[in-house]
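For reference, the structures are reproduced in the following blocks.
What follows is a pair of complexes built around subunit A, which joins subunit B in one and subunit C in the other.
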Partner chain A sequence: MIEGFNFRVILEYMPLFLEGLRNTFLISFASIFLAIITGIIACAGRLSQWKVIRAIAIVYIESIRSTPLLVQIYFFYFGLPTLGIRIPELQTGILALMLNSGAYIAEIVRAGITSVPNGQIEAGVSSGLSYYQRMRFLILPQALGVTIPPLLGQAIVLVKDSSLLSLISVAELTRCGQMLTSERFMPTEGFFTVAFFYLCIYFCLHSLATWSQKKLIFREEY
Partner chain B sequence: MIAHYLQRLVEIFPFFLKGLWMTVAVSGLSLILSTIFGFLLGTLRAGNSRILSGVIGIYVSFIRGTPFVVQIFIVFFIFPEWGIQLDAFPAAIISLSVLGTAFLCEIVAGGIKAVEKGQWEAAASSGLGPIQQLRLVILPQAMQTILPPLVGQYVLLIKDSSVVSVIGVIELTRVGWMTVVRIPEGLMVFTLVGILYFSISYPLIRLSNNLERRMAVEQVRL
Partner chain C sequence: MIKFKDVNKWFGKLHVLKDVNLQVAAGEVVVICGPSGSGKSTLIRCINRLEKFQKGELFVDNFPLHDHSTNITNLRAEIGFVFQQFHLYPHMTALENVTLAPINVRKINKTDAVKLGHEKLARVGLSDKADSYPSQLSGGQQQRVAIARGLAMSPKIMLFDEPTSALDPEMIGEVLDVMVQLARDGMTMCVVTHEMEFARQVAHRVIFMDQGELLESGSPDQFFDNPRTDRAAVFIGKILTH
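The block that comes next holds the complex of A and B.
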């Protein structure tokens, strides 16, 4: 197998791979950024006092969490045109990734907020802090510490999930492997190179997550 | 127009049920295989052998660090290059089981490591052999930490099984994809697909949540 491995083709296609890598980066950054905003909004809805808003948030979160991402991507890819909305594949993909990760991030943020013990909130109330002051000075600073490691975990998942956009012909990293397969019929070279790039991203994000977790433990001791 | 499409959708509904059955078969088979191998490798990973544990660790991070689409392409395209002819169905089972095994192995290893060392020592001094120690003393306790994420992982596996549609296994997502070509109502078709996925994964998600709550209570009682 090794003697058949054609490094020259990989070098020849390197500009393509690098562009795919860049696109994967851009897609992931855009989606995680938008997903955090979506997640915070959905979490606020989930913890809201109004029943209707809470119900909407629950339906959104649960329906996203119990259906596959691929189905969601196809839903927007095939569904939006029937509504008369025509947007390019890239935007469709980012929309699907954003809504998908948003639901998971909503649960992560909720776990973070509910991890702050009730006594702290009561202490805040009895020191005369308003709702927003309690959020700003008591709950959020503590919740953030608990939230960041799983958030980085979600970022890892998102980078991997962005590979599914290749199926609606977005030119990202996995698409390069598919092109190498269809143009030269060299799937071994194509997909192992793609896997190598994904592994690099994974190790960077994973060590960042481990490091932030250690920081968190340190803070708890402190 | 919509009524007309709805009627056609009802007509081909048996096709969807067939797809659902295929999804259940693919994910069920790989679920069983990955549970068996996951427990086996997880026990070895938590064991004393550094080398074995390291090798399994490399396998796990390779699987965790790369997207499932890439893994499935590697299995589907590269095995034939080595002279092993694989149909879509066995290729799907293999890649899903390899994926599930890696995740379950980490869960099982984590559960076993969470059991106190004194329990091993106590079991050994009661004259139990290594396998008996594991089966009678360690695993029943480890199951408390293993079970909730185990069920959660099953849900992920069912959802990941949607990706095997890319190599042509005619399961639920593939059925939706094939239908949308004939009935151009993307929203309707993929809502139906989503509902069918929801009907299998939502009960499991609830089960996982319930188990988590129950196990937490039991640990307090201990």
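The block that comes next holds the complex of A and C.
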């Protein structure tokens, strides 16, 4: 079996793979960055006192979480042009990933904020701290520690989800595997290489997550 | 200083405060006791509006708390609150716990705040623990830091909600000593506690509550030795044999 494995073609296509890797990296980075902003805004909306804003946030979060990402990608890819909005594939892909991850991140952030015990808020209130001061000094610092590890977990999911963008012909990593398959009919070599690169990205993010888990979750010294 | 007038509060259908009338003068130390669920914690939590009530009037330092539209952040800064479960900020050192509100609410500069913080920690006997995190302190030490945190705001009133109930027996003394000292310094205090010794030593008045009603109010000796109501007598019997 191994003698049937063509390394030479992998090397030949290496520039393409590296470009795909770079694109996957850029797409993921842009998406997760925008998704964090979206998520924080959605979470603020979810916890808002105003019913209308809360309702909008809930509709957004729940409709994203209850539908498959592929459907969302196709919806933006095919649906937006029929509505008269024309944006290139790459941006469509980033938009879809951003909105998708944003909904999950909103829930991650909310879990972090609600994990801070009520007593902390009462103590802050009693000392005369304002809402923003309590957020800044008490709630966010304590929520951050429990939020970072699942956030990195979401980043890992997003990197893997970005492979779906190959279906709307974005030139990312998985797309390279498809090209090796269609041009040379070598799916094994193609997707083996693709998988290897995903593994590398995963390994980096996972190490970061493990490290942050040790570092950031508030140290409980016994 | 504090004036309750026919205060009523419901949690849903549960009537937790029934026509409560109570006045606390400046410099007075009032101990509030009663069986659990009698509304005593709710009563003192009303004083800085950790709980809102539906009917009646409450003035604190001449400020109307029954008017829910008013912003009471400034008033809260004048009232120290000590919780049963301490509620220290776990991500800050003891000193940072104490100086957070003075720096951000009172807007005093950092150097002065640190000096003030050390002063207050010294007052509760914890000069050497300024840089410790709450998780490195014992329960009694944590509660004393919480008291120092309240004192750092130079409050007009200190409220204590069962400050020793979550402590191991051998740590109760160190917290009570601080509170006794505070009472002798003339602080206005409302203390929910079952510590009879504390009440007898420093309280000017003992209030007894049961099922949301304020049943008795009298000097500690009168209350503990000659309770007027049966319910109070039963209650005192229970904490004595305990």
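FYI, the second predicted complex is superposed on the first by the 218 of 222 C-alpha atoms of A that agree within 3 Å, B and C clash if a C-alpha of one lies under 4 Å from a C-alpha of the other, contacts with A are read in each partner's own complex, and residues count from 1 in each chain.
Keep this in mind: contacts are C-beta pairs under 8 Å (C-beta built on N, C-alpha and C of every residue); 3 or more make two chains touch, one makes a residue touch a chain.
Please read all numbers here as calculations on a predicted model, not as lab measurements.
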Three-chain arrangement built on subunit A, subunit B and subunit C clash or fit: fit
First (subunit B), second (subunit C), both or neither touched by A:69: first
Partner chain(s) touched by A:137 [first = subunit B, second = subunit C, both, neither]: second
Contacts of A:122 with subunit B and subunit C, given as first, second, both or neither: second
Where the C-alpha centre of subunit A sits as vertex, the angle toward subunit B and subunit C in the overlay (nearest 10 degrees): 100
Subunit A residues touched - subunit C or subunit B, whichever exceeds: B
Partner chain in contact with A:52 - subunit B first, subunit C second, else both or neither: neither
First (subunit B), second (subunit C), both or neither touched by A:199: first
Per-pair minimum CA distance [subunit C against subunit B, superposed on A] in Å: 19
Residue ranges of subunit A in contact with subunit B within the complex: 1, 4, 62-63, 65-72, 74-75, 77-83, 160-161, 163-164, 166-167, 174, 177-178, 181, 187-188, 191-192, 194-195, 198-199, 201-203, 206
For the subunit C and subunit A complex, residues of the former touching the latter: 48, 50, 73-74, 76-81, 83, 85, 87-91, 100-101, 104-105, 133, 135-136, 149-150, 153
Complex interface listing, subunit A residues touching subunit C: 117, 119-120, 122-123, 125-130, 133, 137-138, 141-142, 145, 218-222
Parts of subunit B lying in touch with subunit A, wherever the complex brings them together: 61-62, 64-71, 73-74, 77-78, 81-82, 155, 159-163, 165-166, 173, 176-177, 180, 184-187, 189-191, 193-194, 197-198, 201-202, 205
